[in-house]
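Inspection log for the structure reproduced underneath, given as structure tokens.
Note that the chains take the letters A, B, C and D in the order they are written out, and that residue 1 is the start of every chain.
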Amino acid sequence: MMVIMHESATTEQVAGVVSRVEAVGASAHVSVGERVTVIGVLGDREELTALPLEAMPGVERVVAILKPYKLVSREFHPADTVVEVGGVRIGGGHFCLIAGPCSVETSEQVLAAGRAVKAAGGHVLRGGAYKPRTSPYAFQGLGVEGLRMLAAAREETGLPIVTELMDPRDLDDVYEYADIIQIGARNMQNFQLLAEVGRRDKPVLIKRGLSATIEEWLMAAEYVVKEGNRDVILCERGIRTFETATRNTLDIGAVAVVKLASHLPVVVDPSHATGRPELVLPLSLAAVAAGADGVMVETHPNPEQALCDGPQSLPTSALAEYAARTRELAAWCGKTLG
Amino acid sequence: MMVIMHESATTEQVAGVVSRVEAVGASAHVSVGERVTVIGVLGDREELTALPLEAMPGVERVVAILKPYKLVSREFHPADTVVEVGGVRIGGGHFCLIAGPCSVETSEQVLAAGRAVKAAGGHVLRGGAYKPRTSPYAFQGLGVEGLRMLAAAREETGLPIVTELMDPRDLDDVYEYADIIQIGARNMQNFQLLAEVGRRDKPVLIKRGLSATIEEWLMAAEYVVKEGNRDVILCERGIRTFETATRNTLDIGAVAVVKLASHLPVVVDPSHATGRPELVLPLSLAAVAAGADGVMVETHPNPEQALCDGPQSLPTSALAEYAARTRELAAWCGKTLG
Amino acid sequence: MMVIMHESATTEQVAGVVSRVEAVGASAHVSVGERVTVIGVLGDREELTALPLEAMPGVERVVAILKPYKLVSREFHPADTVVEVGGVRIGGGHFCLIAGPCSVETSEQVLAAGRAVKAAGGHVLRGGAYKPRTSPYAFQGLGVEGLRMLAAAREETGLPIVTELMDPRDLDDVYEYADIIQIGARNMQNFQLLAEVGRRDKPVLIKRGLSATIEEWLMAAEYVVKEGNRDVILCERGIRTFETATRNTLDIGAVAVVKLASHLPVVVDPSHATGRPELVLPLSLAAVAAGADGVMVETHPNPEQALCDGPQSLPTSALAEYAARTRELAAWCGKTLG
Amino acid sequence: MMVIMHESATTEQVAGVVSRVEAVGASAHVSVGERVTVIGVLGDREELTALPLEAMPGVERVVAILKPYKLVSREFHPADTVVEVGGVRIGGGHFCLIAGPCSVETSEQVLAAGRAVKAAGGHVLRGGAYKPRTSPYAFQGLGVEGLRMLAAAREETGLPIVTELMDPRDLDDVYEYADIIQIGARNMQNFQLLAEVGRRDKPVLIKRGLSATIEEWLMAAEYVVKEGNRDVILCERGIRTFETATRNTLDIGAVAVVKLASHLPVVVDPSHATGRPELVLPLSLAAVAAGADGVMVETHPNPEQALCDGPQSLPTSALAEYAARTRELAAWCGKTLG
């Protein structure tokens, strides 16, 4: 790291920083400029990160040189991670279509959705049993009962299922039924939850937080991998900006950035990103073109009756055409399907 | 609510919306304009909110007329809520100074901080035993041991303590030691956690999420109050914007907006909002002037040695002067102290 | 529009709004709900927009029903606008590759770039003679001399040129040399400038402002079209958000939204959106897949020597491969080239 | 500046950067870390800023050490700048109340407003003759006629006037009538306009752009001062964020940051920042408490009839009480009035 001193910093203040740095076994190289002194610091990353050098007198700011994540970085692990689940591969040139309803409502609904996903050539069935809702008055999900409905749909269709975990106390239940455990956008920095799923042996899909930087998102993945679980899938689902024409702003650049910075697979959720069904296909195609390893889309047998996110769901009747077009582009991009 | 139809919506589509609305016992009033038809809908708020009318054919958008929160609204409860804890009153004209270290590190550190807060005329001691950290490699807090250190500081100083709860599994411990339970910014939409503290009888301080709208923040409070716990304190701590000169952007307008929209007390955390100690006093004064019911500030006996947020902490040696100035302005604004 | 009254609004206040509305020849329909009264207003859009109804006592807020733009809307003009310039067509299924240096530096540089663009199958040559620079100490462009260099490059390559106009006093010069007049992001709401180019008969390319909503961007286009110039091209170039991993955040959803809302062609500038050359190809492909009518990319014979935006420019040596891939995807999407 | 190389950068790439830097007369100091090499560069700031080092092979990123502004910085000119105009002083401990209508509509209106401002103890009369409006269908201002009405109000009240310049072609007119020339938020990066007013000898008030960083705002001021005009006043008027409860988000922290970073006076416009008259007083008090050198507020004899921004204007009948409270706090803060 580099410590940039104030223009008015004294020689004593510079010496203070140097001795503080040396006290933890790191080395300091002082470079005196015409107006500003800069101290280059070499040493153990974690040790140095913990030092509150910016609180020392005379320090203007501290610039990190190394990235704060390690295990999830491309430098640490140059080859693409391929997550395998129920015969499906995600990442490393394998393209994955995840689809299903926002929330599990009835056995019939989730089965109908599952059949449509299967018929459309989808690879994974999504559906929420625990729902994070802004309003305490809104439908909060069916809980374990919903997990069982998902499992029944898996049994019939053969599709592995991905479902959200919101509370560490539900982990055993979710672990029992899910094939992929989803950490939602609102829990992306629920660090205990991340650590818990990191100690299990099922793949984890981490949605990007509404206002999380790419670096923070990768740090969330680092929490999981650090505990031993290397099967992490990242999911870009739009960030919060000033624009209100779409529900969120799909950060398509993040897909390309993450593919360069990390070995983990990245999928895109165009449904939450836009909140408008007519935008789901163009943004799915954009995601594929930008290099995404999959898309995760909401579909419902009857969006007008949905208990959650109906307005942004594709009707299952439209799924086959959507899936075909998305798959064709994935093939054009050189991806293997599933 | 009002349903605004597309310019191209057909008569059948309008009729479809009307019959959907009437099916849940609400009434619909169709207003046909030159270019657009609008349907006014009257009925039970929760029932209507759950209807995915935007998914119906021909619907352009749905505009809510009523606010989504009820129990926390000024309309529902016109008088200011006054939270009382350990002899301290917050809200309703009572101004409160909350101060302490970011994280509890040692008995000595938290005691030194507590004495400084007491000496400076502060009312509540803050300190984190469970720390949400972006990096899994950073100091994560002392847990129950930290809670005990806080309790010891309370015993000596008489100051009630506020500390963060991150995981529902820690609730019994935090409930045992804390006087006010803090829900951190990253957990503002951890809805299970909100509901859990809503079922207890200790005051809850809810920090605004980094990218939470004021409405979402009030909905988080609604989660707590709905469960029966009416002692909620809101804490503005800066939002995430494009500006990087400060750690976050203190949304001073939110203080004034919330005072109008809700009866709950609002305090401001200038330390997290700015990340720079030299900005803590001016922004604290701004908070007081805007009508805040208190400030919550980080202070440390030795910021240069702090394990967390040292760079933004006031040294305890500067606390008395800071507190005096803040208190004087609160008095000028007509507030009673504590 | 709809006027939503406060819960506490009196009958007199409702009557006041009604009479104010009727005074400008519009009609008001009062709908009294259990808690809130709503007044639907029908009448001339411009007349109504000018009324400061939100300033009237008892008014909570005013909700617009009609979009504020008209001439640029898809409803007003359902068929795609096709802009024709120098034998090139943009929009309506015609895909366009615009490329060239950020700024015109020397005759040799712009000629070399022009030849590379031509050789790569590009359609339009871009290059700035007037440069908006954050710093007054940075290179500000060559002015008219730069325009002449662009014209010389056009003469040799046959490519029409697009260049930025920043000041109405330079309009005659820019009009003389340019084929397409660019309005930069920082001038997107320079309304005089918009009106001036609206009175000329050369196509106008309007870059989206850094923090402009899609609606404001379309209103900027409305300024131009209102004056009589219907040849407007919109250019998405990234918006400003909290994310710093890319220079801006490419709002890929905006491309799809604008294609639905307006008949005007939309192109994407992936160079300014990302600021990183390695992201230019994936984001160009994403733009094409999302439905963009073209891309506008920075290229320089020697990015390391560029006076402006070198770090984000593709070297001209890489242009042919980039263009080929982009063109192939455009063809896959069913576009005609140029 | 510091050049941080990629982990994979070669010795040749490091040497390339060094020779590039030395070619412009600067010196390079190479520091080889375990994983990353950093090159410290010392030399002429402008020369170095112009070098596109990030475009060189092997370079990861470039970190600036010195601030990009100079003339407006506190380091360059430690003492507060005091702008004097028509007997009023702004900055350096002198507090200034600027008030008036959003736009000049009639002689009567501006006179009535001027009298109210004078009676309330205000120091400067504001009013727009040229209005930047999002819609081409909205009232665009009275132009020179409006300037004359302002001058007449000055004549009667003795108050100096501040009015916005939008187009360099109007500069002679605005210069003739105005005492302070305002550059609006949408023109904050209209660099020609900034340079033009920098060549005149009347004070310039620069509103912060909707999405301008503090650094960019100071750079806009640098454009003016560089041309020789040192009488610049900065005006914070809210930035664009995701929050929609207020029209913009008042960045109160920016006031304190600018007071530290620059010697120029800073005023706050709470009317545009919030868009809600009930928030104007609390946010004005917050501005004063944070250290602002003045406030600039919209007032209208009859907000319900205003052609522009009526909903956010204080009625002139409420101005005296507003002004008294604001002034009292300014005095409490140790400011001299006017």
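Assume contacts are C-beta pairs under 8 Å (C-beta built on N, C-alpha and C of every residue); 3 or more make two chains touch, one makes a residue touch a chain.
A quick note: this is a predicted structure, and the numbers were derived from the prediction, not measured.
**Student:** Please tell me whether A-C or A-D has the greater number of C-beta pairs in contact.
**Tutor:** A-C
**Student:** Please indicate which chain is farthest from chain A, where distance is taken between mean Cα coordinates of the chains.
**Tutor:** Of all chains, D has its centre farthest from that of chain A.
**Student:** Roughly how many whole angstrom separate the Cα centroids of chain C and chain D?
**Tutor:** 26
**Student:** Can you check how far apart chain A and chain D are, centre to centre, with Cα atoms defining each centre and the answer in Å?
**Tutor:** Taking the mean C-alpha position of each chain, the two centres sit 39 Å apart.
**Student:** Per the centroid of Cα atoms for each chain, what is the distance between chain A and chain C, given in Å?
**Tutor:** For chain A versus chain C, the centre distance works out to 31 Å.
**Student:** Hey, what residues on chain D touch two or more of the other chains?
**Tutor:** 211, 240-242, 244
**Student:** Over in the complex, which chain D residues touch chain A? Could you list them?
**Tutor:** 2, 4, 7, 29, 31, 33-36, 38, 40, 42, 63, 65-66, 75, 211, 240-242, 244
**Student:** Touching chain A in the complex: which residues of chain B?
**Tutor:** 20, 45-46, 49-50, 52-56, 68, 132-140, 166-169, 186-187, 189-192, 195, 210-211, 216, 219, 222-223, 226, 240, 277, 303-307, 309-311, 313
**Student:** Touching residues of chain A toward chain C in the complex: what are they?
**Tutor:** 211, 213-215, 239, 241-246, 249-257, 259-260, 273-274, 278-279, 282-283, 285-291, 329, 332
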